[in-house]
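Take a look at the structures below.
One chain, subunit A, appears in both complexes that follow, with subunit B as partner in the first and subunit C in the second.
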Partner chain A sequence: MSELDGVPKPEELLKIDYQPPRKGWMDTPVNFKPGTYNYPAASKNHKILELPFPREWSPMEEDWKLPENWKEIVVNGIAERLSKYRSFKVFMDICVRCGACADKCHFFLGSGDPKNMPVLRAELLRSIYRKEFTAAGKVLGKLAGGRELTPTVIKEWFYYFYQCTECRRCSVFCPYGIDTAEITMIGRELLYLLGLGINWALEPAAKCFMTGNHLGVYPHTLKDTLEFFADDIEDITGVRVEIPLNKKGADILFVTPSGDYFADPGTFTCMGYLILFHELGLNYTWSTYASEGGNFGLFTSHEMIKRLNAKIYAEAKRLGVKWILGGECGHMWRVIHQYMDTMNGPADFLQEPVSPITGTKFENAKSTKMVHIMEFTADLIKHNKLKLDPSRNDKLKVTFHDSCNPARAMGIFEEPRYVIRNVCKEFYDMPENTIKEKTFCCAGGAGLGNDENMEMRLRGGLPRGNAVKYVQEKHGVNRLACMCAIDRATLVPLCDYWAPGVQVTGIHEMVANALVLKGEKERETDLRGEPLKELEE
Partner chain B sequence: MKFEEILSQHKPALVKKWFHLVLRTYPEETATFLKNENDPFANPVGATIFKGIEDLFDGLIKEGNHKQISSFLDRIIHIRAVQEFTPAQALSFIFMLKKVIRDELKKEFKEKELFDEFLTFESKIDELALAAFNRYVECREKVFELRANEVKNRYSGLVRRLNRIPKTPEEKTKSKSYKK
Partner chain C sequence: MPIITYKNLKVQVDDEGYLVNFEDWNEDVACAIAEREGISHECPLAQEKIDILRFMREYYKKHNSFPLLRAVCKNLHQPKNCTYEQFPDPIKAWKIAGLPKPTTEVFAYIRHNS
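Moving on, here comes the complex of A and B:
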């Protein structure tokens, strides 16, 4: 066979039938093309977390080395979850296939693959549910939308449940509120029962289990890291900030994603927190064990969410704080808002959060006792407690990416915009159907933000990139702000491909640039060490 | 009537046919959506392809501003370079214009003795295809560059910091930020 086999010759191109072969979705097999799937989890990580069937395997190989009774395991796994989660049972039953969700998923929009329509993604599992658990499906099979559970189905699950970032955009449009993200979560749980996971989610989970954070940073390294930030801050502002670590009796425990310890531009946001808390004279502390707000358990299983989240309340209790403040993270807030209280609460040893600076009661955090930093900072600005010089951000033309989880799992839209508008002069929102509850995902959340999956991420990132490009061309936008550590990593290549020239920033980086500190020297650079004003050409 | 005028006159029909042919490179359900949703933010792929080929068509019949042509090309190719296509499939959309024009107007050009112009025009499409090939390769290179950067980016803050640790004694006395 020559290398050019399969490539049409010019004259053939004119005769070619451009129609792709028509096949029902159930019969279209999965093609594991490099760049479009995630590497399997290393067996050592399965072992650390005591997950079943640890082994080395590859999606590219025919044989996935499934356990002998794999079918029974999956069917029992579905049965258990149907009885445990009412939502799952309802979602399996009530979809009327109206199609309202079909064109709302960024992976469908970017890839054009129909199996990325949320309704079909759910159907991957629903078809098995019908066959195994409904009377009609048992008898009529395909006619009733049921299908046989085969290893091909498992491969399809692995491919498509890891082409869902659990972003919940589709659920906003479903008249029944079916949340495909939750179906994906169950699908992933079932895969884990067979020892099938992805490393980008499981390795951080395993590290988190051992050290408290996804990066596996030990206490002394965390201390060093924060002190390095303090050095940088001193160079830039002339002010030395303190680093309270494991301080018993502090008022507030601060918890933030570890993604911001080592990776730019998240590091600058982390410096931003230190500067803000110093200026406020806040009696707060970091914890070297609750050193991670994120929770890759969310991308693994419900059980894992609980295991990894437990340390936050445990540390709050040990340190004897009054309440907890949480940094700029995305999925961490979904866990805190929707699961923490029921899974690891009640946090009755904590107090209802009150800002020590303004006296504002955060009643929305009455039960979790954990406040989002954007609410905290917006409240400070509203009460005129910060001296801000927005002109120090004059070189920035900013737009804001609503991260999926704070937007759709929390509904926090206005606070970040309010803060941004107060710390920089030029802010432009992206088009209405791409922001707030309709925001488009970065396509790298839920464990998919790894390098091997880059091509798929770029497909899924297209709708977001397209909207960024639009404000870039229309208003000259050059910064994409976000309040999520995963975004601060994943939006960087997204912009580089779809809207080159736009850089990514956290919000507290901009806050700290604008914040005038007592006793500071005249600032020449921003936190990135770059000149405050754009150099004249 | 001149050759370009004929093309211009038939533009709406030609572009539509071209668009539909391009859509047929996608699965059926997808093609229906790409065709019917007009909001450029709800349907970035469909909208970009439509606008892109329309502008390409204009560029080809007017005396071409090549830079412009390449920005339209760029957008379509950026999309198709990361979708589930082989390189040939990704770029086939350009040759489809030939098919459309041949199907629709070849006879008319023959009758009106504009066949030479027709051949020249086809050569222009071939040139476009070559330009597209360059773009495509650039996009693929970019994807691999982004992949490679990911590993670096994960520790960029750390590396930045390590690079600043003073190594010689003079550097150490000079540096404020080395306090330990």
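Moving on, here comes the complex of A and C:
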């Protein structure tokens, strides 16, 4: 197990106090406890992204060095967003505080802090909206749920809008369908107007503009890395795969998160893509410019979403591909499926995606021209285009974590399960209220996957960890499959902590293990280089 | 910025202990940082460790980024988890190799992956 500096042991963390404080929430000040908040963004990253008021500051200090007219900036910022986003106005007005969302948030369940109830997290902003923008709030103040905008409110926003992973589980249960993630997003945008951001969200966004991807991998490094994978694949399968890079006139542009080619276990899934595309003889290409599927704009501002997303489509146009295939990423799919079309679309310079192997038209991607690899692969299996030997995954007992965004923003539930069931024999779903649209978050998405926030991540990871532990104890599950690069980084410490012994995998790693290639040699190991039959201790 | 002294050596590190000048590094500096990080009190460091550090430095010179850890071990003909085995945390290895602090996302992908 990895060393988790300063995090209490699980038995300690489980002593969760659900007793609310004696005073009302407006009178309970925020307490920045180490391990539960995120470090501010370095001023250099603010500058690279041309965000206002770059400076060095610390949440632990009394003075956050706010600009002189900070109050005016925030109130104007709210006004601008109320006029721009009808949804925001509705979400501010419509909540009746019924409490249906209260116990649906993983951060509330794991911390017991009432301000992590989605309703109360939204109230942090709604109270200012009432005071500044409604007649009742202006006149009656606190009686009408309004409160003064003070620096303490800003501190509270910074703490709690970065204790929300924008996973949208609460929205599933809201009778009005209030999308609390969008409230968090607006809250974060307002903070950025004051130069208050977190480094784990801004640094990857800045790197994306400078090198093409979040992890700062340069074009020649990406080439070297993919060639290293090709060598490894040849050692394991005896088959040499090609690495098409920046190939003009390819049919398909393939885009995946940089985590997939940066660190294990994502790298095994990346090898899986290479193997699958080779076997299909797909005319596709990687790009060193659009070498990032993820979009940390989603955790920063609407404008940043648009700027980062535009790179993928600019590259598709430059290379002259027909359509785009996207890898196993999470939040990338919320951007593609719910924002792209109105921000940068319609992508009418591309063609409606058709699988060159099966002829299937992906009607759902008619407008964005971007297909999820799980739909692509499930379609291949359905049409019997892959020769699969699931016994090569016999040592695995698998469960599947629905990543929040593909699940709740796309409704992609059955395709991954269909693929998994076809490539391995033992698959066990976690309990019904913890999967599919009710899936519990990894607690490290939306920019929160950093080490300084580890206690809060593990608290928020408790509901997911608990469900993994359940199938581990009941069915002997030893692999947690997921189709998201952030998950492949954050679920590793989560499992080590809450369900030790369960390893994390991407789905195309398992696909490629089972896939019988033309001309392959007898496989002795899986893509991890481990014997096919038994899990290494 | 702090200066660390070791035997008759003096080198500058940043507030978190990362070497400031790439060119200041040698095997004695590695010993000094390793001792400071509580990884090793031996000097010189074991050859396997030195090989990893030198590989990381070469990689950094060429790519300006954190290496694919499997590639480090494969190239050096060491066991596939060599960086975790030799330095429980590969980011410590990076630091002992005299390289600048990696980005926060690199930490998230690397630190907990043994």
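Methods note: the second predicted complex is superposed on the first by the 513 of 537 C-alpha atoms of A that agree within 3 Å, B and C clash if a C-alpha of one lies under 4 Å from a C-alpha of the other, contacts with A are read in each partner's own complex, and residues count from 1 in each chain.
The rule is simple: contacts are C-beta pairs under 8 Å (C-beta built on N, C-alpha and C of every residue); 3 or more make two chains touch, one makes a residue touch a chain.
Please read these numbers as outputs of a predicted model, since none were measured by experiment.
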item	value
Partner chain in contact with A:Asn199 - subunit B first, subunit C second, else both or neither	second
Partner chain in contact with A:Gly216 - subunit B first, subunit C second, else both or neither	second
Partner chain(s) touched by A:Gly110 [first = subunit B, second = subunit C, both, neither]	first
Partner chain in contact with A:Glu473 - subunit B first, subunit C second, else both or neither	neither
First, second, both or neither for A:Lys207, with subunit B first and subunit C second	second
Touching partner for A:Glu524 - first (subunit B), second (subunit C), both, neither	neither
Contacts of A:Phe228 with subunit B and subunit C, given as first, second, both or neither	both
First (subunit B), second (subunit C), both or neither touched by A:Asp93	neither
Of subunit B and subunit C, the chain that contacts the larger number of subunit A residues	B
First, second, both or neither for A:Asp389, with subunit B first and subunit C second	neither
Set intersection of subunit A contacts, subunit C complex versus subunit B complex	228, 232, 261-264, 266-267, 450-451, 489, 492-493, 496
Touching residues on subunit C, where the partner in the complex is subunit A	62-66, 68-71, 74, 80, 88-89, 103-114
Subunit B-facing residues of subunit A, complex	6-8, 10, 13-14, 16, 18-20, 22, 31, 33, 35-36, 102-103, 108-114, 117, 228, 231-232, 234-235, 261-264, 266-267, 431, 433-434, 450-452, 454-455, 458-459, 462-463, 466-467, 470, 489, 492-493, 496-498
Residues of subunit A touching subunit C in the complex	2-4, 39, 199-200, 203-204, 207, 214-218, 220-221, 224-225, 228, 232, 259, 261-267, 444, 449-451, 489-490, 492-493, 496, 529
Footprint of subunit A on subunit B - complex, ascending	21, 24-30, 33-34, 37, 39-45, 48, 78-79, 82-84, 86, 88, 92, 95-96, 98-99, 102, 142-143, 146-151, 153-158, 160-161, 176-179
